[in-house]
Structures are given as C-alpha cells and as structure tokens.
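Same chain, two partners: chain A is paired with chain B first, then with chain C.
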Partner chain A sequence: MTAPVLEVTDLAVHFPGRTGAPVRAVDGVSFAVAPGETLGLVGESGCGKSTVSNAVVGLVPPTRGSLRVMGTEMAGATRATKHEIRARVQMVFQDPVTSLNPRMSVGAAVGEPLLVRGLASGAALRARVDELLEEVGLRPEHAQRYPHQFSGGQRQRIVIARALALRPDLLVCDEPVSALDVSVRAQILNLLVELQQRRGMASLFVSHDLAVVRHVCDRVAVMYLGRLVELAPRDALFAAPRHPYTRALLAAVPEPDPVAQRAKPRVPLAGEIPSPSNPPPGCTFHTRCPFATERCRQEVPSLRPLGESMVACHHAETLA
Partner chain B sequence: MTTEPALIVENLSLALGRANLVDGVGFSVAPGEVLALVGESGCGKSVTAQAIMRLLAPVIRQTGGRVLLAGQDITALPERAMRALRGQAMSMIFQEPQAALDPLATVGTHIAEALRRPLRDVRDQVLQMLAEVGISDPARRIDQYPFELSGGMCQRVMIACALISRPAVLLADEPTTALDVTIQAQILDLLRRLAAERRTAVVLITHDMGVVADIADRVAVMYAGRIAETGPTAQIFARPRHPYTSLLLASIPRLTDAPKSALAVIEGRVPTPAEFGPGCRFASRCPLADDTCRAATPPLRDMGDGRLSACFHAEQLP
Partner chain C sequence: MRGVSPGMALILLLLVAFIVAALAAPWIAPFDPLRQSLLMRLRPPGTTVAAGMYLLGTDDLGRDLLSRVLHGARASIAVAALSVSISLAFGTLLGLLAGWFRGWVAIAIMRSVDTMLSIPAILLAVLTVAVLGPSFLNLILVLGLTRWPRYTRVAYAQTLQVATLPYIRAAEMAGAGSARILWRHILPNIAGPLMVVATSEFGLMILFEAGLSFLGLGIQPPYPSWGSIMSVGRQYVERAWWLTVFPGACLFVLVLCVNLFGDWLRDRVDPRSQGR
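Our next item is the complex of A and B:
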C-alpha cells in the first residue's frame, strides 16, 4: 500500500465551554487519505466536520492525537517544517465572498501564494496565473478584475485556482458548494471531479449533503457528535449502510423524485443531537437509536471492520 | 378541484425603484393543498410571500395585481384590517426560527399572543398545541425561553404560533433550510399532517427540489421574477415543460445516478433585475433560445395537462 497523504490518528479538539465543561467538538477521530483519493466527511450541523478540516489545515490546534501530512508529524513540528508542509495542504471554504480580499485583483489573489513563497514573479507569475484561471474555467483577462465583478460560482472558481497555485498534495474543501445557487452548484461539482481526474490530487471533502458527497467521493466517513460512526467505500456505504445513524441519515434525505420519495418507508429519527459539552455515556447515539440496549448505554463502541466497512456499533452484525 | 381556493394571487408585480422584481406572478392554493414555490435565491419567492402578507420592506412597491383570501380581495385593505388577518386568517413562518422569536418571551407567551389572549386564560389550549407539534414534555417547555431550545424545536414553536388560530393559509418561507436533514424530515412530516388535518392551504417556499418532491401537491417554478412553469408535482418532475425546470432537475446530484458523471450545467448565472431585457429572462442561458425568445416575453400557456408553461418552445422539449 502507498503511504497516505494524510493520516489522522485519535484526533481530539476540545474548546473551552461556556458552562465549564469543555465542548468536545472532535473526540478521538482516526482516518487516512490515500494519494489520489477523495474522502468525504458527512454529518449534521455541529458534529465536528469543520473542526476536523480546520485542524488538518492548522487553523485550530489539536487537543490530542496525531496529524501526519506526507508522513511528517504536524503536532509539535518546528515552524519551518509547518510552513513547508502547509504549502502541501490547501483549503476551499464554503463562502467564496469572505474567502477573497475585495481589494485584490483576481490575478493578484491567485498568484499571491506563489509570490509570497518566492516561487514565481513577473512574466512567469503572470503565465502561471493565466494557466490556473484556465484550469478552473475562467479566462486570462479575468485576472485584471476584482472579486465583486464575479458571481458566486465564478468566485468559487477563483478560490479554487488560488488553492491549486502551489500544486498541493491535499485539497481540503469545507462545504464548497453549499453557498451556491442550485444552477451553478453543478458547474463547481463538475470542476472538482475534473480536477481530481486530471491532477490525481487527494482531497478531504466536508459536506452535510449526502448526494453531493456520493457524487464526488471515493470513500465516506460519517460523523456523529465528534466521532466517526462509519467509514466505508462509497458504494458500500450507500448500498449497505451499517450504522443505524448512517441509515437514518440516508432515509432522511429527500430525493428529487416524487414517486421514489413518497414510496420510501418513513422511519423518522426521533429527538435531537445532544450537546457536545455533555455527550451521553456509552454509544453517543443511544439517545436516538431504535436498537439501543443496556450495553449501548454503558460501553463506547470502537470503530471496527465489518465486511468492507468500518463501523462503531455494538449490534452492527445483527442489524445487517 | 372544485373547492374554492383559499388563496389566489393574480398578476402580482413588485418593483424596487425602476427594477421590476416580480412580474405578473399568479397562483392559487386550495384548502389542505401544499403548493411549492421553487426557485433560486433572488428569483422573488420571499418578496412574493411578503407581498401577500403585506409585510414588504418600504422600498419595495406593489405595482400591480391582487390577492384574494377566501374569495375576498385584500389588496386594498387598510393596515388595521390587515393586522387583524395576519396570524389569524393567514400566518407565516420563516427560515431562521430563532431570529423570529422574541428572546425575552417564553414559548407559552409566544403562542398565547397568536391567540391574542393572556397565557393563563389559554394555557390548556397552548399545551395541547405544543403536543400537537411534537414538543415532548410540553408542561416544562411552555415556560422556557427560545435560547433553551434547539433550532428544530424553535421551528415547532413557530408552527404552533402560526397554526393555533387555525388560519386558512400558511406561508412557509424555507422553513427547513436551516435545519439538519433528520430534523427537516420531522418538520416536513409535521407540516404535511397538520395541513391535511386542518385543511390549511400551504405555500411552501424552497430552493430544494427534494423538499418539493416530498411534500408538494403542486409546484410553481419561478425564475428571475416570473413563473416559468406550474403544474402538479408528479408531472413537473416526470416531464418538465420549461427548459429551466428541465435543466435544474438534471443538474442535481442524486443518490441514484452514476457517481462522478458530468452533471447537466446551466451556463452563466441568473440575471439581476437591472439586466432584464424585453424577452424571456432565461434566454441568456437557454440552449433553445432564438430571436423570438429575445424579442418578446413568453406568456404562460396551457399545456393541456393541468400545466402552464412560459416558454415559446415548450413543445420542443423531449
């Protein structure tokens, strides 16, 4: 097996809580991203998806655990090492409006990472910027313009061009299409798939939208209350979800097909997500799980292999 | 449908300065029916709902059209009379339930206010309504404040406020957009059940075709301030009669299609009101557009199957 681009082991990120108890935003998460692979991270609001991706790009410090990028440990690394590794990992955020400096021309924004690191300047830089703009479906003459002259979809293209400038090994995307209109979402999804295929770049793709994740990812990790509950190849996850939460999540996605949607059995998941500053003991899903037993209320299920999947549920076999 | 519509909107037009935001929009909703008003951000869905409630921002003017509530023209009603209707004969719920609730008022106070009675007089009725919208432990929740509730629970409280006076019409503006899918499924089930039981006519505003497929009886697709197409939900999804609807449906990734396959793309972007020309507003992005389309506005035409389409070339669609 080839060495992973990213290896996350037992990552925890706790924030100071309002009431004293820490917010356990991420609480012991492990996964790896192989070269050329896109790993999806899904789950509902507040489950810790963004915190994981923020930790991977170094925006929040881990409370515990290890983060290795191309084999280099980030926790406790020297500044110089971090700086070097950071160039290998780039991020695309949800909101293309706040991700771009309104006073910087598109060309300057896209070329900045190269200029700052002294990798290109002058004519060479301009040529590189033109190439990057073309790669994301924009035109070289767009380099002279400013972000406000572009629509949301085009701005997201600019953000992606900038993220690609340093030829990163890993692209981290946090809800890259959630802020876009439905009619331009497809443009950006097509671009992301094209880039995967053309560049063979690995990526970590965070989204709350299961259909989007299924469309662009090779493997999928499902998060609930700061932990992974299931990690599986895409087709296995969608064809045969193992964890009761994955099943409930899939059943709740309204499909844009009235015949199929109305024929679906309705098994609405009761209740709400508990607070991450006071997670339930044992399996944190037991407060909403229709299959919970005494064991679930006491013992934390570990993520273990089952068929092609990894699943954190005591009773996964009997549910199959 | 033989029952008289609970709500009729006729030829509604709205303007912001010279820009024409909404142009000749019309639809009707029968008691117990759910009509989805779908479209992308800025297409005029929310201002249409605000115009029906007469809650438009002062900068937006109604330049034409009528609103009929149970057959009565309410377009020219004085503000006093409108105030008597709002929350009584027609109610509205919003995307951000937390923002719509007063942080200093308890759940019970909010709902009693919708009945325009002091809470102590209507406590039992409020408790029953809380149970009906699926709030567990109503006796405890009734005295809680909005910050003590999750987003899903706040939306249930909003629905309780909106429906306790048994309005004929409920306008729901993206009521589940801010919620998680598992909570969204709960709220959609609740809306469907209450609309059926109480015979409430519901106008559901959304940009999510999945939500439309789940709950709507009929659909009105809006594009750039106009209705592109309206009709029964099943027909709109099975065989769209407007290029915009058809491309929109093809551009959505589905749980059933081939992963990583190229999605249909609608080139360009939605025009802003300042860019509206004389012709079809979809012409700049439409693969079927020709000179006819750019010269004149396509009228809504009867397609003969309960459907209206505003496209000159609807017959060319597969």
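Our next item is the complex of A and C:
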C-alpha cells in the first residue's frame, strides 16, 4: 500500500464547556486517506464530522492524537511547517455565499493563494487564474466580476478553483453541496469527481447526505458522538452495514420507489443524541441501540475488522 | 445613484454647496474678512457702500459678515474633516487589532475605550487646549485623539463578526498573514458601518469646533470661525441680531444635512440590502 496522504491517529478535539465539563466534539478517531481516494465522513448533526475536517485543515488545534499530512506531523508543528502543510490540504466550504469575500473580485480571490505564497504575480498570475476558472467550467472574463453576480453553483465553482490553486494533495469538502439547489448539486459533484480523477487528488468528503456519499466516495466512515462506529468500502457499507447505527442511518434514507420503500426494514431509533460534554460510558450508542447489552454499557468497543469492514460494536458478528 | 429621493437630493445639493463655498471662499467672498472699518461698525444686512453691499451686515469692527461666514465655513469643515480622519484611522486600527487578536490585546484596547468614554470629551478638549495653547493644529489633534473610542467599538464588534466567516478561514488557508487579512478581507467589509459613525461624528465635530471657538479655545481672532463670530455677536445680540443668527443658521443647516446624510448612508449599508 502506498503512503497515505492523510493519516489521523486517535484524534481528539475538546472544547471548553460552559459548565466545566469539556465538550468532546471528537474523541479518539483514527483513519487514513490513500492518494487519489475519496473518503466519505457521515453522521448526523453534532457528531463531530465538521470538527474532524477543521482539524485536518488546521483551523482547530487537536487536543490529543496525531495528524499526518504526506507523512509530516501537524499536531504541535512550528508555524513555518504548518504554513507549508496547509498548501497541501485545501478546503471547500458548505456555504458558497459566506466563503467568498463580497468585496473582492473573483480573480483576486482565486489568485490569492498563489499571490500570498509568492508563487505567481502579474501576468503569470492572471494566466493561472484564467486556467483555473476554465478548469472549473467558468470563463476567464468572470475574473473581473464580484461574487454577488454569480449563482450559488457558480460560486461553489469559484471556491473550488481557489482550493485548486495550490495543487493540493488533499481536498477537504465540508458539505459542499448541501447549501445548493438540488438541480445544480449533480453538476458540482461531477465536477469534483472529474477534477479529482484528472489531478489524482485525494478527498475527505464530509456529508450527512448518504445518496451524495454513495455517488462520490470510495470508502465511508460513519461517526457517532465524536467516534467512528464503522469504516468500510462503499459497496460493502451500503450492501451490508455492520453497525446498528449505520443500519438505522441507511434505513432512514427514503427510496424513490414506493414498493421498495414499503419493503424496507424499519430501524427506528428511540431518544435523542446524548450531549458530547457528558457522553454515556461504554459504547456511546448504547442509549439508543435496540441490541444493547450489559457489556455495551460498560466496555468501550474498539474499531475492529469484520469482513471488508471495520466496525466498533461488540455484537457485530451476531447481528450480521 | 439609484433611489435618491427629492429630499435627499436637496440635502446632497446643500452639502456640496457648503463644501464648494468653503473651498472657494477666497474667491467668492465680496470683502477681505479681516479688513476693519470702524466707521461701518454693526451695520445691518443690505447696507450699501462704494465698494459694494454688506449683504449680511458688518460686525463690531466693521468687517463684512458674509465674507467672515464664508471663511468661517472653511475653518469648521477643515477642522471637522481632519479630526474625523484622525480618529477614524486610529480608532479603526485599534478596533481591528482588538477584534482579530482578541485575548489580552482586546482587553487592553477595549478597557482603554471604556476609560476614554467615561471622560467628558468636551471637558478633556477644553483642558488639553488650555494646557497646549489654542491653535488650529492643537484643535484638530485634541478632537482627533479624544474621539476615537466610538470607531473602535464599532470596528471591534464588526471584526469579531466578520472574522468567523468562512472566507476569512479560506484566506488563512491560502496562507495570508494577519495584516493582509485585516486590510483586504476585514476592513472592506466593515467600512459601511464605520462610515456611518464617521458622518455622525462629522456633524458633532463641527459643533465642537464652534463650541470651543465660542469659548475662545478654538480658531483664534482675527481669523473667523462660526463659533467665534457668535461669541462676539452674543454681546451685541439686542443691537445686531445678524451676528448670531447667520452663522448659527449655517451651523444648524450644515449639521442637520450631515446628520440626515448619515441616516441615509446607514440605510444604504444595512446588511439586509447587501448581497443582492
């Protein structure tokens, strides 16, 4: 196996809580992204998936654990090292309205990474910006315009062009299409897949939309309350989910065919997601799991291989 | 200029007229504002002499009031514009730094803002001018360096808000340093509210200048300023009403126009009208 682009080991990110107990947004997550691979990171709101992506791009310092980008450790690195690594990892944000400076022309925004790092200026910079805009399906003359003159889908193309400017090895996409109209989602997703294949770029794709994840990802990691519960190749995950939480998630996706919808097994989950500042002991999912036993309430399950998948459940074998 | 109502057009026209009158005072003033003529003391508006007409009358030393009011507009507008520029630049810089670096930088800056705001500004200005001595430059410095806290407060609050937006994260990831982020990304996006504060301060500075000159701490005689003309006129108010009425009316109309312009500007930079 080739060296991973990104290797995350036992990553934890805790935020100081209002009432004293820290909020454990991410609590011991490990995974790796191979060159050219797309890893999907799914889970419901508040499970810590966006915190993982913010930690990966260096916007949030990790409390514990290691983050290696192209073999270089990010946790506790010097400013200069971080500045270098940040060029290797770029990000596409969720909201294309707030991810572009309204007072900056598109050309200036796309060219900024090249300009501030001294990689291009003047005519060479303009030429690079034109190339980048064409690569994401915009026209060079768009460089003169301002973000408010573009639609949501076009803005997301501009954001992607800016993220590509430094030729990153890893693109972190934090819900890149969830703020867009359904009609333009497919265009943006196809653009991302195409760019990735052309450039051999790896991607960490954060989303709560399982249909989108199924469309673009090679492997999928499922998060619940700051931890990974399952990590599996896409087809294995969708065909044979191992963790009860993954099953519940898949069961909740509506089918377009009403016959298939009625035939679908229903896995209702009771209760609310517990507070990350006071996570339950043992398996964090036991409060809502229909299969929970005494062991689940006491012992934290580790992520272990089962078939093609990795799963963190004491009863994965018996449930299969 | 879309959507300018007739009323607003009149206000803009008056503002332009004041500025043009102030700039062109040496050329359009009918008399030398400093030339005395003791035989023509306290003549009412419309008095005609061989050299021309005293359209607004004369003062206690026989100087033409219209010429003095026109030259006085120069002093008022110059003092207001320069002191607003100083406090806008200084206050905004501090607010940006406090909002961006937060932590002890913000604590130090915002506590000095609170301290400054707890001192009565006009009293501080009077005290400083009294110590440094009254002059045009001192007047501007005193007003400029005592009026920055309002800008700092606005810049601080706005910076805190803008700094959380994804495009600031993107600039950080692009590798931009703090100076570039503050100058290119934050400042242009907080400029609107700051300009609104600057306009309302501009009106206030005109009043402060008049007030200090009235107290004899601003523009020094024989040079005219609206405040000093009114200060002298106060002694003759029963015999020569024009000495207080005309500069007072100018002051009132100019400050009113500036404030209405500020309100209009505030409505235009309202976040709800942005991002079309």
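The criterion applied here is as follows: the second predicted complex is superposed on the first by the 320 of 320 C-alpha atoms of A that agree within 3 Å, B and C clash if a C-alpha of one lies under 4 Å from a C-alpha of the other, contacts with A are read in each partner's own complex, and residues count from 1 in each chain.
Assume contacts are C-beta pairs under 8 Å (C-beta built on N, C-alpha and C of every residue); 3 or more make two chains touch, one makes a residue touch a chain.
Computed from a predicted model, the values in this text were never measured in an experiment.
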Fit-or-clash call for chain B and chain C when the two complexes are aligned on chain A: fit
Larger contact residue set on chain A - chain B or chain C: B
Partner chain(s) touched by A:Phe93 [first = chain B, second = chain C, both, neither]: second
Contacts of A:His215 with chain B and chain C, given as first, second, both or neither: first
Which superposed partner A:Leu269 touches (first chain B, second chain C, both, neither): first
Vertex chain A; arms to chain B and chain C (CA centroids, nearest 10 degrees): 80
Touched partner set for A:Val116, first chain B, second chain C, both or neither: second
Which superposed partner A:Arg199 touches (first chain B, second chain C, both, neither): neither
Which of chain B and chain C A:Ser183 touches, first, second, both or neither: first
Chain B versus chain C as contact partner of A:Ala248, first or second or both or neither: first
First, second, both or neither for A:Arg126, with chain B first and chain C second: neither
Where chain B and chain C come nearest after superposition, their Cα distance in Å: 11
Touching both chain C and chain B, counted on chain A across the two superposed complexes: none
Touching residues on chain A, where the partner in the complex is chain C: 57-59, 83, 86-87, 89-91, 93-95, 97-104, 109, 112-113, 116-117, 148, 159, 162, 165-166
List of chain B residues in touch with chain A within their complex: 40-41, 150, 152-153, 180-186, 188-189, 207-214, 233-234, 237, 247-249, 251-257, 259-260, 262-266, 269-270, 285
Chain A partner contacts - residues on chain C that touch it in the complex: 165-167, 169-177, 180, 184-185, 188-189, 274-276
Sites on chain A touched by chain B in the complex: 44-45, 151-154, 181-187, 189-190, 193, 196-197, 208, 210-212, 214-217, 234, 238, 248-262, 266, 268-270, 272-273
